[in-house]
Amino acid sequence: MSEPVLEIRGLRVDYGLGDEAVHAVRDVDLTLHRGEVLGLAGESGSGKSTLAYGLTRLLPPPGVVSGGRVLYHPVDGPPVDVLTLTPAQLRRFRWAEASIVFQGAMNSLNPVHRISTQLLDVIKAHEPRTTPAARSARARELLRLVGISADRLDSYPHQLSGGMRQRVMIAMALALEPQVVIMDEPTTALDVVMQRQILGQLAELRQRLGFAVLFITHDLSLLVEFSDRIAIMYGGRIVEEAPAAELYRRALHPYTEGLLHSFPALRGPRRELAGIPGSPPDLRAMPAGCAFHPRCPKAFDPCGEKLPPLGPPGDGQPGRAVACWLHPAAAPVPR
Amino acid sequence: MTYLLRRVGFYLFTAWAALTLNFFIPRLIPGDPVKSLISRYQGQLSSDAIRSLYVLFGIDAHDSLWDQYVDYWKQLLHGDLGLSFTAFPAPVSEVILDALPWTLALVGITTLVSFALGTGLGVLAGWRRGSWVDGLLPATTFLSSVPYFWLGLVAIALLAGPGSFFPSSGGYDPGLVPAPDTIFLGSAVRHSLLPAATILISSMSGWILSMRNMMVTVAAEDYITVAHAKGLPERRVALNYAARNALLPNVAGFALSLGFIVGGTLLVEIVFSYPGLGFLLFRAVGAKDYPLMQGIFLVITLSVLVANLLADVVYLMLDPRTRKEG
Amino acid sequence: GETANTRNRDNKGGATVLNIGMPNGPQTENHNPFLTTSAAASLGYRWQIYEPLMMWNPVKPAEPFKPWLATKAEWTPDYRSVTVTVRDNATWSDGKPVTAADVAFTYNLVKTNEAINTAAIPYASISASGNQVTLAFDSPQFVNQQKILAQVPIVPEHIWSGIKDPATDINKNPVGSGAYTLKSFTPQTTTLSVRTSGYWQELPKVKELRYTSYTDNNAQTTALANGESEWSFVFIPNVQAVFVGKDPANHKVWAPPVLGIHGLYLNTTRKPLDNPALRRAMNLVINREDIFQQAEAGYFHPLVKSVTGLPSPAGDAYLAPEYQGQDHKVDVEGAKKLLTGAGFTFNGSTLVDPSGKPVTLTLTDPAGWSDYQTSLEIVKDNLSDIGIAATVDKANQDAWFRNVEEGKFDATFRWTNGGATPYDIYQTVMDGRLLKPVGTASPAGNFGRFDNPEATAALTAYANATDDAARSAALATLQKVFVEQVPMVPVGADNVGAAYSTKNWTGWPDDTNPYGAGQPTQPNAADVVQHLRPAGS
Amino acid sequence: MTTPTTDAPAGRDEVLEAVGLTKHFPVRAGLRTLLTRDRPAVHAVDDVHLTLRRGQVTALVGESGSGKSTVARLLAQLYPRTAGTVRLHGEPVTVRGGRPFRAYARRVQMIFQDPFASLNPVHTVRYHLTRALRIHGNAGRTPADLDAALARLLERVALTPAERYLDKFPHELSGGQRQRVAIARALGADPEVLLADEPVSMLDVSIRLGVLNLLRDFKQRLHLAILYITHDIASARYFADETLVMYAGRMVEGGDSETVTQSPAHPYTRLLIDSAPDPDRITGDAGPDDRERGDGEPPSLIRPPAGCRFHPRCPAAMPRCATDLPPRLDVGDRPGHWAACWLYDPETVTGVPS
Amino acid sequence: MAIPTSSIEQVIPKQGAMAQPAVARRRRWRFLSNGKATTGLAMVAAYVLLAVIGPWIAPYDPDARSGELLQPPSAQHWFGTTHLGQDVFSQVLVGTRGVMVVGLLAGVVATILSVLVGVTAGYLGGLSDDGLSALSNVFLVIPALPLIIIVASTITDAGDLVVALVIGFTSWAWGARVLRAQTLSLRRRDYVEAARATGESTWRIIGFEILPNLTAIIASGFVGTVIFAVLSEITLAFIGISSVSSWNWGTILFWAQSQQALAQGAWWWFVPAGLAIALLGTALALINFGIDEFVSPRLRSGGRVRIRTADGRTVRMRVGFTPVLAPAADVPQPRPRKEARQ
């Protein structure tokens, strides 16, 4: 496994302060390695987006980061903690080192500026020395990368289709060739044909540019196909982490298992769909112990009392981690 | 293109409706101008003089309403607004032309300044929520609820007075002849300071508040977060992204509120005895000078319409989404 | 560079310019002397450019007229014709002489244009011969003398004969016989400068008259207070504090009454107001002094003391001997006695009429007329002293005009016509010829529907009388009816005074020398200017 | 939980039928078109034939904007049709409003796409359901009757105990619960046909499953005819008896669900199935090899391509595709499997070298 | 004369009120927890109370004259006296009722009209929409106050009722426009369509599905109109157009102005009435903000904007820079950024 590029340690993100705070992300540890696609899945409301926004500090009020560290390892030089950067430093860090593609492309582009303006101003902001000509050449190149002809540069966002806008956003995310690209459900609004097109292009670009991707969705089948490793979130915590294929083949956490048995397969024999009974937990009143235990078919004594730590299961392969008393950790993951 | 045409069609319709309304309102007024003149000359006009005034104004002629309406349009299309009663026999257009520049200069400039300043402060307040600018809000709320005329009265009481730099009334020092020289212009500017400040103070807060609210709304849009994520300089995010988008609804609001502004500043003109349209209208209403009322109303309505049209054009230029066909 | 403004600044003030102000709002250029709506009339400068034949002093209406453009005027005893002799040394400001033909032309103009015949004088024939002009009338004009001789501006024939409609022409370049000519006009200020030559008498000392039209009373008052304005006619509330007190040595108001009054008209067709006893009782309790002080700032509508309703000194000459020295006095007890004597009773403090109904009435006047409104408040208060429950109705102006003319009111404050004799006052109040049924408008007078043949006969007799004895007799009858029947409660008089400053100019009319009306819009204004001398000279 | 039965037990009686259903939405005319004759319109649905049968689920799949919702609304008579006939039990019906519309709504009910938007935030569950019962006269006479009816309704959609849900506002319910309330509301009319417009697309995988199972239960117990609209073709396979595929306003393929999903005939269906994420494919990259499958933008519906609407993107396009509209052609592998594609016209295929 | 300060018309579909499924009964009273709204409501309540009991608690008859002419405030006359010796304090107290009645009545009339016109236009669409929106546009373009002045001056015996009606009938257009826009977007909501599909009748859809969702906007429009109506009414009284037979604050100002209170130095004559107007206006505006913020959660200041972190610093909550409450200290500082990468 290659070296880490982004290390999240004990990250906690709340909405609100004090007693009213909703702890949407709780003590999350996650490592993104250079050049890999890390999938982050989990049902709606489990805190995926909050995690993504929290670690880049883009969470709107009343969101606050209440603890933890986000270490970024530049290609050369010592690691930096994103959470301690001043606004000016943060501004320089953003996009040049880590960029984000948001869920709704329709709302991510400023409706009153041309695509070109929006593409160019990020280059201008971070690389003020470039000439205008060089910049515009770069913009054309970027559009071409995502399969849009350069004459669309002067269009306004509303003149493009949803898929094209999403691709423009991807092109923009890659404009400064960052090390990390965070994608929050970049394709849920699109239909499958378009989705596949975009993912295809993204895979291609990753091979060429070598950035790492944190890919967020709740569509597990998409992740299994597209990512290298998958982390599953439930109730604000990571409950399982494993290479994609292994996770699909043998899920350790009952929740993961439930997820995998909730979507019908398109090919192969028609299989039994079990689903997950019950409904997601209320973040304000989390059950004690393992958050999943009220819905868990395999729950037993310790589940309702003690919080299972996330760690490599004693009975599993290396490179995996799970937080479940069914698979007690061999040793906790070092922080 | 279609958009603009539709707007023009709408304006034509509105103009027609407003002008028709304009025609009917004075005709429904029960009193007559001669009686009102008497009250101006309270006790000075004998009963005989009154009789001669009726003859003078030719008030007893009775056409059918429809004929009058047709005549009204004929006259209008010739640019003829009739003769004023109070300034008989001066044509209404002349009386209005005397007053118009004052209102244009005072109200027009102040309105623009108020919009610009208010919008600017609103951008600041909305962008840096919780900073000192937000502290302005309670004060502005209070000021925007103060009636214009009362603020004017207080301003006169506190600031104007014998020997003060601020004159309490009029458009320029009596005795001066309107001419483009420094004496006259200086005097005119001095006379406009208090009324302008009054309008500014009580109208600006509206812009501050609406712009602030719009900024807050826009600041939560995804594309603003994206702009932050892009690491753009704060100024650029605030101005090119947030303010630029927040401005759009305000431009439309600006055009629409012009009507309110003209109405509101009427009182400022009354309080400061400023020789503008509002004051003229006030006098015309008092004197039942309905040709003059009609004329002023027409001018106000048309200028609001024109301002709206302009605002539409500006909006068209600002918001690419309205330029769908091209 | 040098402009009108720099020039003005350079020779501002001093003993050459007189600043006159009126609170009439922005003006449009119109120097037509015949139109009450023109700037010339509204600011009053028409009388500085154009002159009447004679000067009449409204403060001393009974005094003989002072010759002006005419050297004399002789009426026939029946007052159906007058012959005037035109001064032969007067010239128009363009140099042409003023002739009898000009005078005859002017009166013909008025005769043929009903719109400018503001006094509705029934001219019969007008003829000029030599320097004499004879005007003949359809009816005796004793009561209209001043309207004919002192209130018609004489205009030059050679100019006005070319004017198509004298009622609508704005007379852009006025040419008159007066001491001043038009120098400049702006909506706010009109400037006149004194003629250099050709005036028929000594030229006034004031070189320039500057008429400023202030936008309203407030602005005019302020200008007076700070000396910007030196002469005006405007209602100043609390005049001592607001104006006089600012410069007690120089700031003066002078408000002599004229023969035109204000008072409470009572509707004599309504019960119980049809009972003269009630009307007299009301007359007895109304506190004129309070009204004078609180509603009229202690000067504006001078007190009418005499029970006849005639103001003093203007009316002194006309008082019937029996009413000499009989002044109004507040007498609540007397009023009560009067009432109980006439069958009224008191139920506690409430007055009950003979038919057993409590007496209530509504006092009405237009909302915006603040002095009348204030007066009504005081009247209401006074009436409660004799148990009358009055309410004050602040009416819409149009409705008020209509209702008053149609006789649909209980009691209302209003003015009477004014004139050179008490005739106008009494005619407005009591003329049976104007009597109309309630519901039909009688715009010229008798709003209270006062039906008294004796008064009507006396009015006719007075207007048509050919000798003073007959006039005195008629007038005595009128006064007797007025005092006994009280068709209207007289309260204050009109004034033709002024607020002025003696800082730069002296020689103003005042109580010691009431040589004419002080109001800058009256014809007398020309005479006033003639009297002015630089202060300290 | 239940394995799908291969054959629906109920008879094949047709409940609702659409013949030649067409809907064009006029678009705002521009200046230039004002002078010419043709009024531009979105050809949202063109010549659609479909039959809903008692106790059967018919799935309608297709990409976003292909006109699926429009078909549902046309069937529910919420839009006037441009052309075509809707037959209820063989009777052509056209209702615009008022009493006839109510009568129609009693038999044909629609479930809207978005459970978050289709319940009024200001009303409680009780209000929504009571209205549905009242309008169609199923509320009974007494309040007790009503309560019983409400309880029955909630029980049907597995929201028990009823009291716990009745007085909740929509925002207090989870997505799955809301969707169930929406379904319960539709059932309140006691309909014969349920038009379910993407009833699960907004929901989480785990909740999604619960709703689908519920619908299938209705089909089996209440013998409802169900139109299931989705663009998730896998769920169509799992849940529907018959599957129809739409592309740009037209039906392009139809047949038994298993057949359509396992051996798609129309190139567009193939594209759709290939594009669907498939965990079994486990590769990191979707591979540039499938570039040729027919990527590109969906066509404009204002000026749809002549001939087969898919031809500009079709990897197997033939000259004829650009000119002639393909009719329904039997594919031949299974009975009832058809595709509107010239590939299945032997003459065209042999006549033109590919 | 008031520039519309409401941001309601700017509620963008899907982002404003209606995107929040949470606008429901229990939450309705939540807007009371908004400090601005409660302050405003409390102030308005005080005014309403004064309107009811004002005439009883007034120390003097507002018409009654006394010997103390034009006296500055004193223990006997808290707000001083007029030129007739009337007690200004009593006039202000007694005048409250007229102002409140006219303001509320005009607000009700205008609100009803705007709901009728706006919702009908928005829901029905087509020709009736075109007609109705053209009508409201005409009323929007015509300057309202001059129109009110002219209309009010044409009516003889313009009592409170008439004034209220005139103001109400001339100031509904803005509300109608906002409501129409909102109804248009509501009409396309699925739950409206769903109600239709269930078989609900048109009037029931308008009355029970759409209107409840417009409550906040209607309320805010109502409050806005009341402000406008109060100011218009006072203006009319002040310039002496409407009847001044009953006391309201405009009447007081009218008398003060016609007696040139300023020139006489009688500040107490016009200051209290003006302040009363301004405070009422402020109170109403505060309520309006409360409603606005309630409707559009983004305007909520969210309680604290500045927060204190674990190590005692204060940070500002703002978009784009999420505050970090307890950063780890033992982390290497950021390296200087390498320049001009290519």
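Quick notes on this structure:
Read from first to last, the chains carry the letters A, B, C, D and E; within each, the first residue is number 1.
Definition applied: a contact is a pair of C-beta atoms (placed from the backbone, for glycine too) under 8 Å apart; a residue touches a chain by one contact, two chains touch by 3 or more.
Note that the coordinates shown come from a computational prediction; the quantities given were computed from them, not determined experimentally.
Here the chain at the heart of the shown protein, by mean C-alpha position, is E. Between A-D and A-B, more C-beta contact pairs are found at A-D.
With centres taken as mean Cα positions, chain B sits 55 Å from chain A. If each chain is reduced to the centroid of its CA atoms, chain A and chain E end up 45 Å from each other. Averaged Cα coordinates give chain B a centre that lies 21 Å from the centre of chain E. Note: centroid distance chain D to chain E, computed from Cα atoms, is 47 Å. Chain contacts: chain B has residues 29-30, 220, 225, 227-229 touching two or more partner chains. Among the residues of chain C, those touching two or more other chains are numbered 218, 222, 225, 368, 398-399. Along chain A, residues 58, 60, 87, 90, 92-93, 96 each make contact with two or more other chains. Across the interface of their complex, chain D is touched by residues 37, 43-44, 161, 163-164, 190-197, 199-200, 203-204, 207, 218-222, 224-228, 244-245, 248, 258-259, 262-268, 270, 272-276, 279-280 of chain A.
If you check the complex, the residues on chain D that touch chain E are 73, 76, 78, 97-98, 101-102, 105-106, 109-110, 112-114, 116-123, 131-132, 135-136, 169-171, 182, 185-186, 188-189. Those residues of chain C that touch chain B in the complex are listed here as 1, 3-6, 8-9, 12, 19, 21, 25-30, 35-38, 114-120, 167-170, 184, 186-189, 210, 212, 214-216, 218-219, 222-223, 225-226, 228-229, 246, 260, 262, 366, 368-369, 397-399, 401-402, 415, 417-419, 424, 428, 443-445, 494.
In the complex of the two chains, the chain A residues touching chain E come out as 17, 53-54, 57-69, 71, 74, 76-81, 83-85, 87, 89-90, 92-93, 96, 127, 129, 176-177.
Interface of chain B with chain E (complex): residues 10, 13-14, 17-18, 21, 25-26, 28-30, 128-131, 134, 141-142, 144-150, 153-154, 156-157, 203, 205-207, 209-210, 213-214, 216-217, 219-220, 224-225, 227-229, 237, 249, 253, 256-257, 259-264, 266-267, 270, 281-282, 285, 293, 296-297, 300-301, 304-305, 308.
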